[in-house]
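Two complexes follow with subunit A in common, the first pairing it with subunit B and the second with subunit C.
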Partner chain A sequence: MLVVRLAWRNIWRNTRRTGIVITAVAVGIAGVLISMALNYGLVYTMLDTAISTDLGHVQIHARGYVDSPELARMLPNDGRAALRAVEDEPRVAGWAPRLRSEGLVSSPYASVGARLVAIDPRREASVTLVADSMVDGDYFADEPRRVVIGQAMAKRLKVGVGDKIVISAQDLEGDLAGEAMRVGGLFRTASRELDRGTIFMRLEEAQAMLGVGVGLSEIVIDAGSRVEAEHLGDALAAALPTLDVQRWDELQPMLVYMLDATEQSAVFVYLAIFIAMAFGIANVLLMTVFERVREIGILMAIGLSRSRLVAMVVCESVFVTLVGLLIGYALAVAGWYWLRDGIDLGGFAEGLNAYGMASTIVPVLRIEDFTVPTAVAILTALLASAWPASRAVRLKPAEAVRHR
Partner chain B sequence: MRPGPRLGLESKLAWRNVWRNPRRTALTVAATVFAVVLVVFSVAMAAGVHEKMIDDTVRVRSGHVTLTGPGYLEELTLDHHLRLDAATRSVLESTPGVDGYAPRMVSFGLLSEASATRGVLVIGVDPDREEGVTSLPTYLKAGRFLRGAAQRPMVLGERLAKFLSVDIGDRVLLYSVAYSLESAYDLFEVTGIMRLPEAQMDRSLAVIDLIDAQSFFVFGDRISEIAVLASEVDAVPSLVLSLRTRLDISKIEVHPWQDVMPELEQILFLDDAGMYIMLLILVIVVAFGILNTILMAVLERQRELGVVLALGLSPASVFRMVYLESLLLAGLGLVAGLAIAIPLVLYFQAHPITLSGDMAQVTELFGFEPMIVWKLKVMNPIGSTLTILGVAIVTALYPALKASRGRPVDVLRSL
Partner chain C sequence: MPRLLNCLNTLLLVLLAAPAWAGELLPAPEGLTGREIARRAEDTLRSSKTHMRAEMTVTSPRLSKPRVVAFESWDDLDGKRSFIRIDGPAKDRGTSFLKLHPNLWMYVPRVERTMRIPPSMMLQSWMGSDFTNDDLIKESSALDDYDHELLGIETAPPGHPDLNAYVVQYVPHEEAPVVWGRIVAWIETEHGTPLQQDFYDESGERLRTMEFGDIRRSGARYVPHLWVMTPLDKDGHETRVRLIAIEFDTEFDDDLFTKRNLTKARR
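Coming up: the complex of A and B.
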């Protein structure tokens, strides 16, 4: 305890010097934490965009549908077993049935390939956000034969609300089915892929057009949160052993890789910043050891053991680093709070949306984001004290006390 | 008469001061070296990786420079077209900096085989010209790139072929709407399968012969775009300018890759911004280290400085001396840093690294080859030098002022 108290007092003997080292550590840590928080924010907007516009938390398909999503691979028995399981499961926050296919959408001016997603408009709104992302027209009002398409697709087809488009797709028999429909509304989301390439139809109309009776391709489920999705996915998988029940991270493993890669790069960044700090910390400790040669000699002469002397120097290093670290954390949390409404990168919307990221970035600071810098900081403190400590123990008390 | 700056004396003093505490100097210089190496290395890596991303992407898409009919980029429909006439051809062949060019026709269609159907991007290419301009032929995994005896040959992305369960020799039905607005459908024979790095593209790209495309879409001798390959990415702006002056711009628009893929430019910019913020934090941390060293050096010499001032050295001289000391400290780190960083980067420039694991998956997700390459541009060491010196100039201000402000009387009294 004595050593700890000594070390604590020692670091405050030269407040200016200690202050500069602490400031360096604090500024470095706060800067990296905030930058990483924004980085995570970017990745999380990617997850959230994917989940909230299309993916949902959990999806149920017929066996093998995800690998080869053919129209014919519909849920067995029109999805009755799956629907029953979903309705019996209290943790389901919302669910929606879908029928999916690929088709060609044509206007008098152009044709584009499109994913046909046939939905029950009311149910779909309980799972995904398309209904809330309308920029023109409306989301499946009363008239029949209306479709909802992305603003980007409408621009390419040169159509607006009320205009006629022709949807062509292969039906269950393998024949080409074509239907003329009108554009009922336009949506705009943070996903360029969705905005350019997806057309939402009414479920019954698509079922009739594709000749599938009341068949369904998938059931999308909202679990309330990503954490809940895990338990819900397991429960549904147990209830439906003959179907494929997959969570968002199983459907889009890339999103998880993205998060992992960001975490890995964070470790490199922290290492780089802390190595740079280690030089500064070591330098100051070295100076304090050399200007205290006499004092250290006296301490040794009156019986401070070498191991406690090392402990003292190490403690000084750890204190300086930890005080800097804590101030850095406080600054980072303050910065995070200050930026809690997000940074608007609207000027880069095109680039961000192309990769499914929203253009408003809300920094994400999680408890686990503090573990890596804390670990690296302590490592740095130990490393930085190695040289000064080894110089200190090599002093000979008899000579040191006579030092000028 | 006031004495002028005695730079000789001041710099000599500064140099000696730097070496008064070699240990401290060594640690400070080491920190600077570390920062310089990291900055030069990261900037060269970003430059290399970004240039490769641009090159990879433009070779799959529409070249470094894309020639289109007026208004094509806004709407991407067949209504906006151009022709590769003799005049255009001769301009492209005579303009320096053009490494190659390829005419293309781009549209959408539905591709089906048995019960599987998929909306696809149909690109009609001239197989002879495409070679060497775009990388599509190099992604061929099996079969041939549109050559051979097959009637209406087609090359598909691997994932698309798998989805349709087709293989080389199988026939697929392409359905679309022609330029004449009539329905168009015909059978094509799969002659080759490509493995494209970008998954989205691999799932949706069908390449056919330009001649077949023009007859399928009733497009005559029109084309959608001409992909032009520049000798290097940095030469694109000047190439765009010279093509704009030489081509008939009432019929042909000349677009640099940034016009065709604004999203790529923005993503690269954001990536750069993120990196520069991290490097700035690193440089600030190192700057605090230099500040501390100089400040300590000044504070422990207060008496000496007082004596020097009392002996008649002007405060301006003391200021310059301490300032020079900081710059020497930073300069030493800079020179040593560059001496390590430049050979290091040049080594990696010659030996790129292939990624594996999560990092590889992520780069592939974004459609790029999982490879890290380095490129040392002249601006990199110059910019790094200016940054470090700039930071040193700012940080040195405080200790230098502190040193020159000391009143000799006070200092001497405290002796």
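Coming up: the complex of A and C.
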């Protein structure tokens, strides 16, 4: 216990030097934590944006639909088994049926290829955000034969709310079906892909146009959270062995890859910071050892054992690091709290939308962002003190006490 | 002063009420319907089996000189099938199109590949022209998808000073798969020859016009041998089709309309 007290007092004997090391550690840690929190915030925002605009947490399809999404690959039996399983599953927070196809949308001025997504407007609103993303017109008001398209697509077609467009697609028989519809509303989401290339129709109207009876291509499910999605996906997959039940991360592996990439880059950033920190601490401790040659000599002369001397130097290193770490954490939490409403990237939003990002980034701090650096920092402190400690124990008391 | 204002008002009303075309219209004879006239115009350009050779000239600001495409086509109206073969320019020679309702197939000899043109490509330009693939396969909906309103008779319509034309307005049914707001057609009174068609959007802006000229007699028909399509929203674009020969009500071999025939680049 003596050496601990001794070490604690020692580090405060030269407050300026200790202060510099503590500041370096604190600022380094806080910077890393905040930048990682922003990175994770960016990735999680992207995940949640993708999930809430279109993807949902879990989707159910007929076997093989995802690999070759043809109209004919509908859910068997009009999706009755799947619908029953979804309704029986209490963890389902919301679900919506969809029919999907590829087609062509034309106005008198232009025509664009489009994904036709036929939805039950009320149900869809319980899973995805399109209903909340309307910028003009209505999200499926009462009139029949209205469609909802992205603002970007409307711009390409040069149409607005109330204008007529013609939708052509291949029906189940392979015949080209064409229908005139009117634009009921325009939406704008964070996903450029959705805004440029997707047209939402009423389910019954699309089913009639494509001649599929009451057939469905997919059921999209909101599980409440990404964590719940895992259990829910497994439960539904077990209940529906003949269908493909896939979670968002299986449907969009790209999103998972981005999360992994962020995690891997974090490792390198931490490594760089801690190596720099280790040299800083070692350097300062070495200085303190050289400065105190006489003092150490006297300590040894009056009977401080070598192991205690090593312990003292190591303790000094650990204390400096820990104090720096705690202040760094406090700074990081303060920064995170200050940015809790998100950083508005409004100015860059256009570019970010291309990657399916929202324009506001909310930083995300996780428990493991604290535990791992703490462990690594203490390890770094131990390693950094090895060299100064070894210099200290090699001093000969008889010479050291005469050192000036 | 009130009198002058009144005059101005009246003038304004007249101007607003005036139709988009400038000419004066005479009333059409009683008992004649727009639909009947539209049918006559349709019948002038098509028969149950029609064979033609034509040359298409595409002008566009993107092209340094006009692109000339020679082609031959066989159209079986009742069988809802047709076959088109490109004879020139040399690099496109042998490219063939086969329409078998409701599909359109295309064969490109250079890559020796037959492909079905997917719905997403239907409205793409056909051979670089202002016509689309969809124009090739569209069945005659000019009669069933529109209401036809006979607006009157125009003497000496634009481009045809020595003829008289019925002016018929085609208004698409609400649910018809037609992008246009309306079409105004001039159809020659005596023989039912189409003279011009103007395509409007729903806000009343004229977007493209199709003019017919060089009317020649072919049996009982008076057939325009020059068709000029001008998209008005694209500056400098124009597509002219000049008919070299046209035969109506002929007989075709059934083998003509097969995918096998597509690959047979008959030169």
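Rule of thumb we're sticking to: the second predicted complex is superposed on the first by the 401 of 404 C-alpha atoms of A that agree within 3 Å, B and C clash if a C-alpha of one lies under 4 Å from a C-alpha of the other, contacts with A are read in each partner's own complex, and residues count from 1 in each chain.
The rule we apply is simple: a contact is a pair of C-beta atoms (placed from the backbone, for glycine too) under 8 Å apart; a residue touches a chain by one contact, two chains touch by 3 or more.
Keep in mind the model is a prediction, meaning the values are calculated, not measured.
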Side-by-side fit of subunit B and subunit C on subunit A, or clash: clash
Partner chain(s) touched by A:Arg145 [first = subunit B, second = subunit C, both, neither]: second
Contacts of A:Glu179 with subunit B and subunit C, given as first, second, both or neither: second
First (subunit B), second (subunit C), both or neither touched by A:Asp163: second
Partner chain(s) touched by A:Glu250 [first = subunit B, second = subunit C, both, neither]: neither
When both partners are placed on the shared chain, which of subunit B and subunit C touches more of subunit A: B
Touched partner set for A:Met258, first subunit B, second subunit C, both or neither: first
Subunit B versus subunit C as contact partner of A:Glu102, first or second or both or neither: both
Footprint overlap on subunit A, comparing subunit B with subunit C: 102-104, 106, 108-109, 111, 113, 168-170, 174, 176
Residue ranges of subunit A in contact with subunit B within the complex: 16-17, 20-21, 23-25, 27-28, 31-32, 35, 39, 68-72, 101-104, 106, 108-115, 155-156, 158, 168-170, 172, 174, 176, 192-193, 197, 253-254, 257-258, 260-261, 264, 269, 272-273, 275-277, 279-280, 282-284, 286-287, 291, 345, 347-348, 350-355
Footprint of subunit A on subunit C - complex, ascending: 102-103, 118-120, 122-123, 134, 137, 172, 174-181, 199, 201-202, 207, 233
Touching residues on subunit B, where the partner in the complex is subunit A: 23-24, 27-28, 30-31, 34-35, 38, 75-79, 107-110, 112, 114-121, 162-163, 165, 175-177, 181, 185, 200, 204, 262-267, 269-270, 274, 277-278, 280-282, 284-286, 288-289, 291-293, 295-296, 299-300, 358-359, 361-362, 365-366
Sites on subunit A touched by subunit C in the complex: 102-104, 106-109, 111, 113, 145, 163-170, 174-176, 178-180
